[in-house]
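Pasting in a structure now, in C-alpha cells, and then I'll have a few things to ask.
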C-alpha cells in the first residue's frame, strides 16, 4: 500500500520555480533517501510533504486520501479541522536543527504532544516514552533540559519526540547536517535501528554512504526535478553526468 | 511564590471593591461635593488628625448640617478646578476662591471674606516695598488670583514687568521652601495664607504695600443659581446664629470676614485706613 | 501632627498607591498582549490602528492622558462625571498607557522567537492557540522579563502621577501634609515607601528570573 503519493508537485518562491513537476510515492516499510546538491529543492519537497509549505501545483495523498491539492483554476485546497488533524497524525518530521522546546524537559518534549494533542493516557505515554529513550540510549536524560545535551543527544530526543506520536511515516530533513562530525555517527546509528523496525522513512541527507547503505530506494534531485531514481546501487553507480559531478564534489571534502 | 502573588493581587482587588462599596452607599443621601485645594491653609488643609478641615470646609459642613446634606470633601488639583466643576465632579469651588476678575465665569455666592494679595519676603532681604522687587524672582501659585493679577491684562501687570522672573508653583508650600532656600526672592499670595505661613516660619514679613484687595466667595457652575441661592440663605442663617463669627475667630480671620454687622464695620474701618 | 497620625495617613495613601499598581498590572498585561497581536496582525487596518495607538500612548505624557481620560467624557460627550469615576479613570489611564508599552515588549519577544519552534509545534499537531500558549509564550516571558521588570518599577513610581487628578494616593497625601504642617518629613516617608516597594518588586522579579533560568 502506498503511504504517500506526491503527484506533479510544483512550488515557487516569489515566482521563482523551486520544484518543477515532481512525482514520487513511498510504500509502507520503505526507506527512501533523497540526495542532491544544495538548492536542488530537497528540503522544500519535504516541507511540502509535511505541509510547512503550501504547494503551487499537483496533489499530495496520504494513505490514499487526498490531503492537499491545487484545483484546475489554481486554488490551493488544504484540509481543515478534524481532517487536518488526521492527516497530520500520519507523519512526523525530524528537523535539521532539532527544534526541541527548550523550556520543556526531555520527557515533556516527548510526552506533551501525545498527552495534549492525542489525549492519550499519561501513564501509557510515559511508559512508551521511557522505552523510546532507552532505544535512543538516553534513559538517564529524561529530566535533563535540551540545553544540557549535546547536539547528537538533542537530535535523538527529537527523533523520539516524533516517534512518540506513532506516525505512519517519518521524514528526516538533513538530520546530521547541524552536528559536529564526531556526533553524526550516534544519530545515524539510531536511524539505522529504526530501519530494522520496518518504520517507513523519507530521509534527505548528505551522508552518501549512509544513504546507500540504508535505503531501499534513492532519488537524486537536481534543479527542482528528479534527475535519477532507483535502487541505491543503480543511482550511485549510474553513468550520469550530474550525479558523477555531485558525488565527485562530495568526496573532495 | 506564584500563590503569594495571587494572594496579594486578590487582596488588593478586594480592598478596592470594599472602597468602591462604601463610596456607593454614601451616595444615597443628597451630597454636596466641595472641591478644594488641600494645600491651602487655613481655608482647606489636612489637620493634626489627618482630617481635611479649615475655615471654608467647616463653613461648608455647617451649611450641610442646616440643609441635611452630606458633605463630600474632594481635594482637587487647583489647575484643573474649572474642569472639575464643569464636568460635574464637584458642586462648587469653596476654598479661598477670589471672585474679582472672574465675575462672569462662575455663579458666585455672596462674598464672605475680604482678602488682599500681598508679597512675602524674608526680613533679611531688605526689600521694603513693591519697587524693591525690581529684577527679583517672584513666586506665585499656578492658576491663582495673584497670578491673574500679575499676568498680562491684570491690574498689576506693569509691576510684574519689573520683576526679574515670575515663577509659577503648583502650591504655596513648594514656593515657601524655595523662598527659604533663597532660590526665589518673594512670593505673591493671599494674605490669609501668608499669615498662616508666617506663623510657621520666623524671619519673614508681609510688605505693607498690597497688590490689591479682593473678595472670596463660593464659585458655582455658571447658571447654577438654585444651589447658589440655597447656600446663600444658609450662610445668612449661620451669620445670624453666630456660627460664622465663631469659625472666623477659630481660624483668626475675624479681621477679614465681611459677612455680618460686626464684620462689616471693621471692614469699613480697614478700607478707610487704606484710603488715608 | 504626631508622627503616628502622619504615618497612618500616609499608609492609607500607600494602600491606594498599591491598588493602582496591582490593578494596572492586572489589566495592562493581558491588554498589552492583545494589542501586540493587533500590532502584528495580517490585517493592515488593524495593524495600522494599533501602531497609531502605541505611538500616541508612548508619545504623550501619562499625566496628560490621565487628564484626558478623566475629563474627556465631559468635554467630548457632555457627560457628568461622578465621584467614583476618579479612581476608574486613573486605572483606565494607567492601564491604557502601560498596555502600549507592554505590547511593544511582547512584540519584541514574540518576533525574536525562531520560526523552527512554530514549525516543530505545527508538525507535532499543536493548534494555533496551543502552540502560542504552551510553546511560544512561556519562552517569550523569559526573554522579555528584564524589560517587563523595568516597566513595572517605573509603574511603582508613576502611581504618584495620580496627584494630577488629586486622587488621595501616597504622594498626594504627602504633599497635603507637607503643606499643612510646613514640614519635609512626609516626603522622606514617601521616598522610603517608593524605594522599599520597588526593592520588593525588584527582588520578586529577580526570583522569577532565577526560576526561569533552568534553560536558555
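Which chain is which? They are A, B and C, in the order written, and residues in each are numbered from 1.
Operating definition for what follows: a residue touches a chain if its C-beta (ideal position, glycine included) is under 8 Å from a C-beta of that chain, and two chains touch if they have at least 3 such contacts.
Nothing here was measured: the structure is a model prediction, and the numbers come from that model.
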Of all the chains, which has the CA centre nearest the overall CA centre?
C
Chains most often in contact, by C-beta pairs
B-C
Between chain B and chain A, distance of the C-alpha-averaged centres to the nearest whole Å:
80
Averaged-CA centre spacing for the pair chain C and chain B, given as whole angstrom:
35
Quick one: chain A and chain C, Cα centre-to-centre, how many Å?
46
Can you list the chain A residues in contact with two or more other chains?
none
If we count contacts the way the header does, which residues on chain B are in touch with chain C in the complex?
1, 5, 8-9, 12-13, 15-16, 19-20, 23-24, 27, 31, 33, 38-41, 45-50, 72, 74-77, 80, 83, 86-89, 171-173, 176-177, 197, 200-201
Chain C contacts chain B in the complex at 1-2, 5-6, 8-9, 15, 18-19, 22-23, 25-26, 67, 71, 73-75, 79-87, 163-166, 168, 172-173, 175-180, 182, 184, 204, 207-208, 211
Residue numbers on chain A that touch chain C, as the complex places them
50-52, 85, 88-89, 91-93, 95, 97, 99-103, 112-113, 116-118, 145-147, 161-162, 165
Could you please specify the touching residues of chain C with respect to chain A in the complex?
114, 116-117, 119-126, 130, 134-135, 138-139, 142, 214-216
